[in-house]
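One chain, subunit A, appears in both complexes that follow, with subunit B as partner in the first and subunit C in the second.
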Partner chain A sequence: MRIIGDLGSHCLTSEGLVEGPCKYSHPTIGEGGYGSFSFLYGPSAGGLLESVAFDILTYGESIEDVRALSYKTRHIKVGGLPLRDVLFKVERINVPFAASHTIAFLTAVENALGVSPPEEVVESRIAQLELERIRNNLLVIQRLAEAASFLVPTYRLLYYVEEVNRAISRSCGHRYFLGANYLGESRCQGLHLPRIDVEELRDLLSNRIFIDRLQGNGVVKEDWAIGPAARAAGFSYDARLEVPELKYRDHGFKIVTESKGDAFSRMLVRLEEIEVSLKILEGVEVKPRRFELPLREGRGIGRVESPSGDLAYMVQVEQGSIKELHLLPPSRINILLFLRSMPENIFTDFPFNWESFGIWISEAEVSIS
Partner chain B sequence: MYLQIDKFYLEIVTLLTMITALALSLWSARASHVVAAISSSLFILYGLYSGEFRVFYVVSGLVWLFSSTFSALHDRERWYSLTFSGTLLGIMITLLSQNYLEFLTGWELMTLFAYASIGVYRREWRPGYTFLAFGEVSTVLLIAGFILAYQETGTFLFHTLTDTLPLWFTTFGFTVKMGIFPFLVVEWLPIAHGNAKPSLSSVLSASMTLAGVYGIYKMMSLCPQTQALGGVLILIGAFSVLFGALYSYVSDHMKGMLAFSTIENNGAILTALGSLELSADPVLKAFAQFSLMVYVVAHSLAKTGLFLVTGYVHGESMSTLSTERSFSLEIGTTLLTASMSGLLPTVGGVAVWSLLETLFMESISVRGILGLIPLLAGVMVGMGEGFATGAMARFTSFTSLVRPRGGERGRLVLLIGVLMPVLALLSYLLSPEMAGAASLGMFSNSLIPSGYSGGSFGGISPLYVLIILPILSLITYLASGRRRVRTVDPWDNGSGRRLTYTSFGMANNIRLMLRFVLRTRKGAVETSADVFWRAILQLVRGYVRFSRAFSRAYMNSSISWYMIYMILAFIVVILVVFL
Partner chain C sequence: MNWFLRGIRRGILTEKEFPQVQWPSELHRSKEGEVKCPTDALKEDRWDPNRCIFCRACEPILSPTGRSVQAQVKRSEPSFRRSFYLYPIDVGTCGGCNLEFRLIASPQHDMTRFGIFLTNTPRHADALVVMGVMTPKMEEVLRRAYDAMPEPKLVILLGVCAVSGGILGMPPDIRGDVVIPGCPPTPESILRALVEAKSGE
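Then we have the complex of A and B:
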């Protein structure tokens, strides 16, 4: 059994819910001695995509401790709203992960109502999740290349991101899957595979300067890690093999792992997972399909493997409306992992380590009531 | 003859004036400092009449004059004026001595008064004891050297010697006083200097260590040339430059970092002395002598000024000190640190240039394996100067440039600072040769050339730089007009917390990169430890353990074992003396 994260007042594990909150090993907060001082990075600083700030305890150059400061808190009220309205909000919590959020939410609703979606819907959802993973992994690697000021690889990677966006748009009508999934319905039609030369991406690995910025940077090997961060540390954790609703095993899916647990291992995992996802997509058929959702009461959990790890929703449905909704976004766990991995590194390591986790502040700082 | 008589009386009057300053200290501190300043002025005058050792006398006199003036303006404690003038008197006797006994008397007087001053200032005797302990180690070595010299000549007067052994002994004795020794590089001197008043720190750093240089130089003039000692001194000196500058760079104690910088400077001076001893080429020797003298001038005066800067600062930690910035301090400190960083057109620039030129010329002209020594030393000195520049930039920034403006203090510092470019021009007077390079705009005799018997090597023109800099500034000013300055608070990401970078943070990159050598520890006041100091401590602890075990085993109140021990010790001493 592995810990996945706090979901409401419970702790979600690979075996299901247990009494929460989850028990993490608490890090030692660094006490600043003589010569230490605070250095504030963000919220208005180059290198950060979203509004976030870090209070860094340092003696100069080295990082002793890091605290994340919140600048993007959002409260979303869903209590009593009809399911379709909540879906609309869930879809927009973190648009780069829109497919993961909506599919996890819809799975939770379907589990609450005791419904199993038809095969075509499952296949469509797998295709969406893998396309989203490819795009996000490309984006993470692009951000790493940009942090190293490698402009040619940066623009090549952005070109591939655009390729994936166009493929998604042709398949599902929107570059970020908005409107692609609905209650009792999957709307994507036909699968357009993006043309990505994985060998070209691997060329990055032949650059020693680039590798030096990543190797040994941000080592974290916590057994409660999730997603690429866990797999980079040698843990074979992946919701795709743990969750029965999405039948990944039927598509010959294999987990990619590395052992060092550093930023380089996380990048390697993401790079190899692009190829794995492309292979999965080759065996998937995408067709639109509707199915009936009964008007029942119930409680259910939906979990998917988002590009950055486990993403889960827990819903309580009553009369076609939401009575209770809880979210476990992967970025919340990844921030904890990031903060834990940062001490003992130096300032110049910061952007590489930060980008290697693929964190989205928009989903980490959302609160649903 | 008339000049000789005059000089003799001048020496007597100078000494008597300093003794008067010592006596007056029992009545009035200010009167004592004023009289000490008068005595220092007389000593400068005396120095101007002196021959070979003129530079040592004049520079020492200037250091004392500035320090006494500073003390007269700022210090009121009688105990301090007593120990201060006593220290000056001790150094004066050392410099004026005509024989080994006078020299040792002055040396001990200087050591004891400085020890008392360090101890009384803080009411903490550990730094004073440290100072005294190393001072006495130095004295023991000097006595050994002087006895050997006496054995050869049969007199305590300074006579020419044929044996080099007195030179070896005394040189190591003097280097201990300068904070330099093969197995003890950088620790005792900062402990002592960091715990003294600013004006005494400047005397200890600039003048007392200069007495050590004077001692080596004097003994070199009496003993035959020994290339082996030259090579050893070059290596020890260059090693001290590198490590002194490194520890200065990472030290966050304001006076401690200046004291480490003193070790770096003393190392450079020792390297110049070694170069003088290594080379047999008369042209190169003359240039090495020039390098030595310019370094003595540059280090002594700049360090005096910088220690006086610390008198205007509240607190000792570079990261937490508070002070006000004034025009005088700003310009003075910048010029002083520029000189200490080896930048032109200051005298420090000429000093660093000439030392490196000397070393690299020697690496070409000295044959065989010995030629590698100056080459290696040149590399170490070059690296050390890099660290020194970083340390000095940090010192200027955090004691003056980034502080709020207020008041008009530090005119004395400004005066010493202005001396730096002036002395760069006066360095022409010390140069063995002058030349011109009209095609480069350096007209007749405005170039100080470096060369050896095998040919010319390089050249430098402080005058050219001094003229070109204002001209270029004027052109920039005329082209771009009056500068428009907008003062803003440091950007702290809009947090309004007024976060700023610290002096400690500025040096932390080296603490981390060289953590193996520096033994960097986090979260403690002492973040870097000196590996050499640790080695000495371990050696001492080992010796104490051995002594204890030995005494328990063989000197346990058994008279027979004690007799055996005494006989053996006697035989060993006889053998050592005989050999």
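Then we have the complex of A and C:
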């Protein structure tokens, strides 16, 4: 059994919900000695894709401790709203992971209502999740190359991110899957695969200067890690093999792992997973399909493997409306891992370690009521 | 192979025409019937792109045309014709506008061919690009960024959240010289609006 994260007042594990919040080992809090000072980075600064601030305790070069400060917390009200209106809000919690959020939410609703979606819908959902993973993994590697001012690969990778967006738009109508999934419906029609030269991306690994920025940076060894951060540390954790609703085993899916747990291993995992996702997509057929959702009451959980790890929703449905909704976004766990892995590194390691986790503040700081 | 040589070998990837996108694009009424729009973007038969989140709840009564959503350029500044430096500020986004804004630098779009660049500080910015719904702690950050900019300056509201609040909240309390609707706006509509704002063309 592995810990996945807090979902409402419960702890979600690979075996299901257990009582109370998850039990994490307490981190050692860095205390500055003589000559140390606090350095504030953010909330709005060049180099950050979103607004977030960090309070960094330092002697000038080495980082003793880091705290993340919330700035862009959005309060989203969902209680008592019809399922349709909640779906529109769920899609917009973190648009770069919109397919993951929507599919986890719809799976939770379907489990609450005791419905299994037809095969075509399951296939379409797998295709969406893998296209989203490819785009996000490319973006994370692009951000790493940009942090190193490695400009030709930076723009080659941005080219591929745009190509994936166009493939998604041709398959599902919207570049970020908004409106592609609906209650009792999957709207994507046909699968357009982006043309990605994975061998070209592998050439990044032949640049010693770039690799040096990543190796030994931000080592994660925690057994409660999730997603690429866990797999980079040697843990074979992946919701794709643990969740029965999406039949990944039928597609010959295999987990990619590394062993060092540093930013370089996380990049390697993401790079290999692009190829794994492309292989899965070769065997998937995408067609629109509708199915019936009954008007029942119930409680259900939906979990998917988002590009940055486990993403889960727990819902309680009554009379076609949401009575209760809890979210476990992967970025919340990845921020904890980032903050723990930062002490003992130096300032120049900071952007590489931060980008290697693929964190989105939009989902980490959202407050749902 | 050396990255620089590979870059040259791939040739020019920058495009003059961009592929059509269905959602978001200009919507038109294709059938009669009632629409229950979650953001009141359809009132008295008039579709308001500044309120539309392109959720497809109005389909098939309204359908997409594939034409890029038109931005409203209320004020342009010809002194930015040669170089136009932008400072993006996220006051409460879902990440979508951030990513689409980043993609105007992709080789397909290449914003630099139009003399558009990003700056890391509002002190060097010609325009402030505001994205997202207003969140309480970002109010002061937004005001300070605006005050730090030299004159003349433009404010660009990017995405439906910054324009009208969308479905998730309230828009920032700042007057936009350029309004770019969309959820999120495509790189094409962002780029068209920026080019018009810098030169009036």
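One rule holds for everything that comes next: the second predicted complex is superposed on the first by the 369 of 369 C-alpha atoms of A that agree within 3 Å, B and C clash if a C-alpha of one lies under 4 Å from a C-alpha of the other, contacts with A are read in each partner's own complex, and residues count from 1 in each chain.
The working rule: a residue touches a chain if its C-beta (ideal position, glycine included) is under 8 Å from a C-beta of that chain, and two chains touch if they have at least 3 such contacts.
These figures come from a predicted structure and were not determined experimentally.
Applying the stated contact rule after C-alpha superposition, one finds that A:Glu61 touches subunit B and leaves subunit C untouched.
Applying the stated contact rule after C-alpha superposition, one finds that A:Tyr71 touches subunit C and leaves subunit B untouched.
By the document's definition of touching, of the two partners only subunit B reaches A:Tyr41; subunit C does not. By the touch criterion defined above, A:Gly32 reaches subunit B but does not reach subunit C. Once the two complexes are overlaid on the shared chain, A:Pro96 sits against subunit C while remaining clear of subunit B.
Contact with subunit C, but none with subunit B, is seen for A:His174 once the two complexes are overlaid on the shared chain. Once the two structures are superposed, subunit B and subunit C can be ranked by residues of subunit A touched, with C on top.
Shared interface residues of subunit A (contacting subunit B in one complex, subunit C in the other): 43-45. Contact residues on subunit B toward subunit A in their complex (touch as defined above): 252, 317, 319, 492-495, 497, 499, 501-502, 504-509, 511-512, 522-525, 527. Note for the complex: subunit A touches subunit B at residues 31-45, 53, 58-62, 64, 346. Contact residues of subunit C toward subunit A in the complex are 1, 3-4, 6-7, 10, 13, 19, 21-24, 38, 53-57, 64, 89-96, 98-100, 102-103, 105-109, 118-121, 132-133, 135-138, 141, 145, 166-169, 183-184, 186-187. Here subunit A touches subunit C in the complex through residues 43-47, 49-51, 70-76, 84-85, 88-89, 91-98, 139, 150, 152-153, 155-156, 158-159, 161-162, 165-166, 169-170, 173-176, 178-179, 182, 187, 200, 203, 207, 360-363, going by the rule given at the top.
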